[in-house]
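There are two complexes below, and they share subunit A, which is joined by subunit B in the first and by subunit C in the second.
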Partner chain A sequence: SETDFRPSRIVVIAKHVEAFIREFFDQNPLSQVGLLTIKDGVAQCLTDLGGSPESHIKALMNKLECSGDSSLQNALDLVDGYLNQIPSYGHREVLILYAALSTCDPGDIMETIQKCKKSKIRCSVIGLAAEMFICKHLCQETGGTYSVALDESHFKELILEHAPPPPAIAEFATANLIKMGFPQRAAEGSISICSCHKEAKVGAGYTCPRCKARVCELPTECRICGLTLVSSPHLARSYHHLFPIAPFDEVPPFSLNDPNHKLQRNCFGCQQSLLNPGNKPGLLVVCPKCKGYFCLDCDIYIHESLHNCPGC
Partner chain B sequence: MASAPSKLYADDVSLVVVLVDTNPFFWSASSLSFSQFLSHVLAFLNAILTLNQLNQVVVIATGYNSCNYIFDSSSDLNQSFENGRMPVMCSSLLQKLEEFLIKDEQLSKEVPEGRIKSSLLSGSLSMALCYIQRVFRSGALHPHPRILCLQGSPDGPEQYVAIMNAIFSAQRSMVPIDSCYMGAQNSAFLQQASYITGGVHHKPQHLDGLFQYLMTIFATDLHSRSFLHLPKPVGVDFRASCFCHKNTIDMGYICSVCLSIFCKHHKKCSTCGSVFGQAQSEAASTSDKKRKTPET
Partner chain C sequence: MKFQIEDVTVYFPYDHIYPEQYSYMIELKRALDAKGHCLLEMPTGTGKTIALLSLITSYSLSKPQSPIKLIYCTRTVHEMEKTLAELKLLHNYQIKHLGPQARILAIGLSSRKNLCVNPTVLAAENRDSVDAGCRKLTASWVRAMAAENPNVPTCQFFENYEKAASAAVLPPGVYTLQDLRAFGKEKGWCPYFLARHMVQFANVVVYSYQYLLDPKVAGIISKEMQKESVVVFDEAHNIDNVCIEALSVSVRRQTLEGATRNLNRISQEIDSRKNLFHKLGPKPTYAVGLFHGRFKATDASRLRSEYNRLVEGLALRGNLPITDTWLSNPALPDDILKEAVPGNIRRAEHFLHVLRRLVQYLRGRLETDNVEKESPVGFVASISSHAGIDQKTLKFCYDRLHSLMLTLEITDTDEFLHIQTICDFATLIGTYARGFSIIIEPFDERMPHIPDPVLQLSCHDASLAIKPVFDRFQSVVITSGTLSPIDLYPRLLNFHPVVSRSFTMSLTRDCICPMVLTRGSDQLPVSTKFDMRSDPGVVRNYGKLLLEMVSVVPDGIVCFFVSYSYMDGIINTWNDSGILKEIMQHKLVFIETQDVVETTLALDNYRRACDCGRGAVFFSVARGKVAEGIDFDRHYGRLVIMFGVPFQYTLSKILLARLEYLRDTFQIKEGDFLTFDALRQAAQCVGRVIRSKADYGMMIFADKRYSRHDKRSKLPSWILSHLRDANLNLSTDMALHIAREFLRKMAQPYDKTGGSDRKTLLSQEDLEKMGDGSVHEMLY
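For the complex of A and B:
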């Protein structure tokens, strides 16, 4: 019967945001994340927009302090300032983890909300205390989601729900051709000056195809010529969002006893017996394309992690 | 990438899922005959089972149109007194393989011509991963799983997305994918698979001595691999191929809606039909770029 987050809300939040960042970069390798804190009525930037999870996680590991009032308007103003600079093909989103029950603003927050709506920033809020009207209004206006966490495990669920990309709103998503480079790995033993660390390094880096500068890791933006550098697995990680697998159909119980149905005794994916003890058929699903029978565990694994049907 | 770390529990117990390529188009043109290949592989499977009493082996056949399980050393059918657990004396393995090949050939009559003669690697990788998930679910004490891919057929480009999905899932579950490629050219898919998951990729020079390659490179368990000098990945090519000509390119243009890769500037994306430079009319399209700022 815990009534609040232990040992303190900020510690719990930091832990779950770290898990969220890792999951987020796993699902969206070409995206960037920045962290802000709201303290004493002022919003400050904890880390800049960046594509590598390590810098964010290092900042979260430091002891974060909380004090003073929180100001939603200042936070939204700061976010608007940052996100306005990015190109139009990028989707802009804010996820606010709000534990306060009020907001102390210097001006009219409704104007700020309209400004965010015009900049096409999608704001979502996860509340930790109680539901607030202003947060609900903000999310409704900008098209985000508002949820309030009941306890720590519910909070973890809610925050991880924001990791997979949401469907894009058609009018906001202008299609653009973005120029990107696919660098090759440098040969073992080659010595060059790394553009991120500004010192000579041996081998094990990537060469920008346009300006031939050396970078340490992908994905990144070349510091010399500004070309976005990625490798094909990064793009491939997002393909399962674009080519999703069809959900499997449940097998109705009466057809299992039908003698015309030649029931497979084992799950097609993992070969586990599909019959419960006593020779009664358990719960199964069937793939609509290849008609293979799968047990429920395989169904969960296939749809959540694998995104492929073994039979197709 | 560093090789995959081993988890707790009896460091050197392993579960090896072997994916055997049975594509008739490849084997009919190969210098090594299929029966010789099978004798190498069966000796290798026996050797793995003798390395440790608790080792397990599962064999999945990768056919031209379908895949299926051929052998499972831990299933009850194989525990007979005379055979012990030796698959080479177990005629059931060869029998099941024959049944599978007959069924696979029958499916070929329904498939249209004009495909590259590749085998269904994505299907067998997915099946192997489902089996490994079942092993993970069986409790805290389980052998360390890994996948060994014995492949000779060329890469089928239509399986790219499915194979990459399987590779990322294996990477998440920390299952290394080793691969031994016996075909003529290089297999980019298998090189990427072994590199991303921390496995070993090798293309043997002399196929007559296949058993020796299998024993020295692929037989050791994950924990002992850190003490051995295994073939390192040389020149894994991560460049993409453009969707229009299938050439490998250094720099390309990516459609922001569907991530298709083009080598020159186009007016319209051929995959998703979006016209560049103006808003879309389709409702449910996802985008790869997203900026988020969580605040506390």
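For the complex of A and C:
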């Protein structure tokens, strides 16, 4: 009924949730997402925890409707049930997009909040209209953030802020060894039956290193042997928040001309010449670990997208 | 932090100070220097209390040769505890910086009900019965009896306290009521009497208004306060009403019936003692449980010795043991005649006859069908011609009764409240000829079918009760969040303040949003003006307003109505038209009633509903308990709606008489006073939502009359300064839009210290850097 977001709240939210899901998987390729809806006083599971953005978005777009009271407690209970099964090395996080200004609960919500706190579920809320005490309380208790959107662009900003993972909390990070496979990309022309679509495909697939089955996309779990399949950039992107690559040092231009120094004339990343037209040395940086020289473009690419130094 | 204000080093227990606190202290310091009275308005949530406490204690520390005493008056026990807790913090800080010479003694004093530690006495349900219970155990004759007969119960705590005698002192420190009780329990001393004793020696005393303003209590408790005291009345916006109530008495049928019962009982007592004196018989068949069979003969002789004492004069209070003192004379100290009691009431029987005639006369006056209004002079003349009691006799009634009850050794004083009321009344009309009137109403005007005659002696002049306080003490500070218009108080209370200032609140963001709503969604004006209030259109528009608001405002909303009857009416109509049901879909609804327990329960559940996110609306009444004492801070009140202008019931005879008196004596126009009174109530109501700077809230004044300048300008400046011109004449839709925007804006994170241009927290360096000038520039 509110007309503050046009054409309607639900459409706007759905649009930005779609963007969020894509962004989220881009930033955290190894993570999984499940969608819940809260309406008519009950919470329903829209999609189970899963790693495929497409299936989530499809499910979301099919179910755009809102009605009745909302119950935060029911939602938290449901979430708690799902996230409790996640092994301890995973972050358990909830992002609640809350349009209502009240919650109609069957029991004591404070207990539920304590339960979430105990299972180390970090709850964050984005409100659409005004600050609600209970949401603030929930976020404070569980270590999440609470924000209220001013308008559509602000909402977009707020929701995308949640895409990068939060700083790991020491007590959460219990070390565990997990078996993972790093499949190789199959040759371009080869034809094989892929295990995910069950049909023959030409090229552009990956082969599981254990059972040699073919999968179309990474990251995934091998359908045949159950091995987690990832690629190294995925890992790097997922963990770059934990192990960021050190910033590259800027190289003063005169050292290039230093005759004692073995000059590296090409960028280690893109292999382009490091010299500007006219043989004047341009700005360049050096990785403190592997001493490889990079141009500024590669520097930005490595730090902001790749999170993985090709030299080291 | 510590800083200089002129020649005084101020110790302030926090690292930062608000600029308005700083200027508040400067003004206060000047008033203290001038040894004059002052009037200071500063919004709640800006730390008035700590500013006051830290300046006055620091002032007294910096002038050790003439230490001043601080008498801090609060309205409620809760405020008293809060004040003492802040003082404790301050005291610890001062000791940390100054060492042990900064030690002061600060105590809170309250009634026995709040201080008693004797479980048998505390079991009583109300204040009067706790007092009586205490007297039963501690009165001098009871203790004398107990000395002979160990079966007579006494209070162990009081006995220990008496035994310790002069050794029973409190070591320096800050004592809340809780601390006093704990200390009393630990030492086995009665905390109440200990506190009463220590009041004379304490540097800071925190107690209720009545202890200074009500002559009955002040005569006992505050008699020995030194002149070099600073008296602070906190939350003093209703001080004129407190003064008036202290000198007003109302007599109903029940009072007269009770008084007759009391008189019968007293005469029984007297007779029994008399007979006994003649017979000296050993059979105590008449013992009423008050006095136990001991030296009966002395009873009668005591009556006789009392007579002799009365001949000499009534100077009897000076040598009474502390436990026997009871309420003292209801008239002000200066007005009490220092002469012998008239001969016609010296004998107990004669006095009883006088009282019987008086009660009979009053009963006759109550049997009237018309409203009657009389001046005290006329009333006294009429008593004298009909009942044969002259003015002088009337004047002595209260003291004479007191003396008689002491002589008869009556301890269950709570039973005798009725006759006390009558004597109170008699003494007041005997003493005062001006500033009072007597109004007899055969029924309540609002319910003319139910006969409920009441005879009221109402005081019109607030300056009477407070005059002794102004005269006696060096400085009197009157402060509150709402004292606007600030020039009216000196006229009402008849004093000349050396400083009267109103401070605004320095805010990092505009966290209050006052709005004046004049029209409903259909553009028709809304008002609770008498000719409009029952208009269905107005009722519907008010309902629509609330309905729209509950759907956009989270958590708690508080609504104030002008009276209980109006609230009942409008809620009924909303219920019939289904609006209430729609409101309940968004928020739960709670309603204040005249029953305190019910209201407390409602408030409790209201808070729970706000806490758990369900959201709630509280319907309450301006001038009710909730409007005066309950805070709706943070999520407990995001919005307060004031439906209408809370004028007093203007047809009330008492109000009319008071208005007339104010016009004749102080040249205050009726309209001015009524508007002032209504607007201060409205400001009180809406001020409930904001109790600190980090808080935020909206205020809607829903009446077209608020948009008029004469009404609006009487609001406190901290509200006015946020009331933008654009928000002065709103309809429901516009208000709704503003509310949405405001709530969104307020939900954003903000910087608590404020930017460089609007500095709202000053550190010690900031204060040292700038002289007084720059602070003033910044504030105004």
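Basically, the second predicted complex is superposed on the first by the 198 of 312 C-alpha atoms of A that agree within 3 Å, B and C clash if a C-alpha of one lies under 4 Å from a C-alpha of the other, contacts with A are read in each partner's own complex, and residues count from 1 in each chain.
The criterion applied here is as follows: a contact is a pair of C-beta atoms (placed from the backbone, for glycine too) under 8 Å apart; a residue touches a chain by one contact, two chains touch by 3 or more.
In this text, all values refer to a predicted model and were calculated from it rather than measured experimentally.
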Exercise for the section: Figure out whether A:Gly127 sits in contact with subunit B (first) or subunit C (second), or with both, or with neither. Expected result: second
Practice task
Quick one: classify A:Asp108 as touching subunit B (first), subunit C (second), both or neither.
Solution key: second
Problem - First (subunit B), second (subunit C), both or neither touched by A:Ala204 - result: neither
Practice task
Classify the contacts of A:Asp4 with the two partner chains as first (subunit B alone), second (subunit C alone), both, or neither.
Solution key: second
Exercise for the section: Would you mind checking which one, subunit B or subunit C, touches more residues on subunit A? Expected result: B
Problem - Which superposed partner A:Val148 touches (first subunit B, second subunit C, both, neither) - result: second
Exercise for the section: Determine, under the contact definition given at the top, whether A:Cys135 touches first (subunit B), second (subunit C), both, or neither. Expected result: second
Practice task
Applying the touch criterion given at the start, work out whether A:Asn28 contacts subunit B, subunit C, both or neither, answering first, second, both or neither.
Solution key: first
Fill in the blank from the handout: Interface with subunit B, subunit A side, in the complex: residues 10, 13-14, 17, 20, 24, 26, 28, 30-38, 43, 49, 64, 66, 75, 79, 82-83, 86, 89-97, 162, 165-168, 170-185, 188, 209-210, 227, 231-233, 235-243, 267-272, 297-298, 301-302, 305-312
Practice task
Note which residues of subunit B are touching subunit A in the complex, please.
Solution key: 66-67, 69, 72, 122-124, 126-127, 129-131, 133-134, 137, 160-162, 164-169, 172-173, 192, 196, 234-240, 249-259, 261-262, 265-266, 269, 272, 274-296
Fill in the blank from the handout: Touching subunit C in the complex, subunit A uses residues 4, 72, 101-105, 108-110, 127, 129-135, 137, 147-150
Problem - Residue numbers on subunit C that touch subunit A, as the complex places them - result: 551-555, 586-587, 610-615, 634-635, 638, 740, 743-749
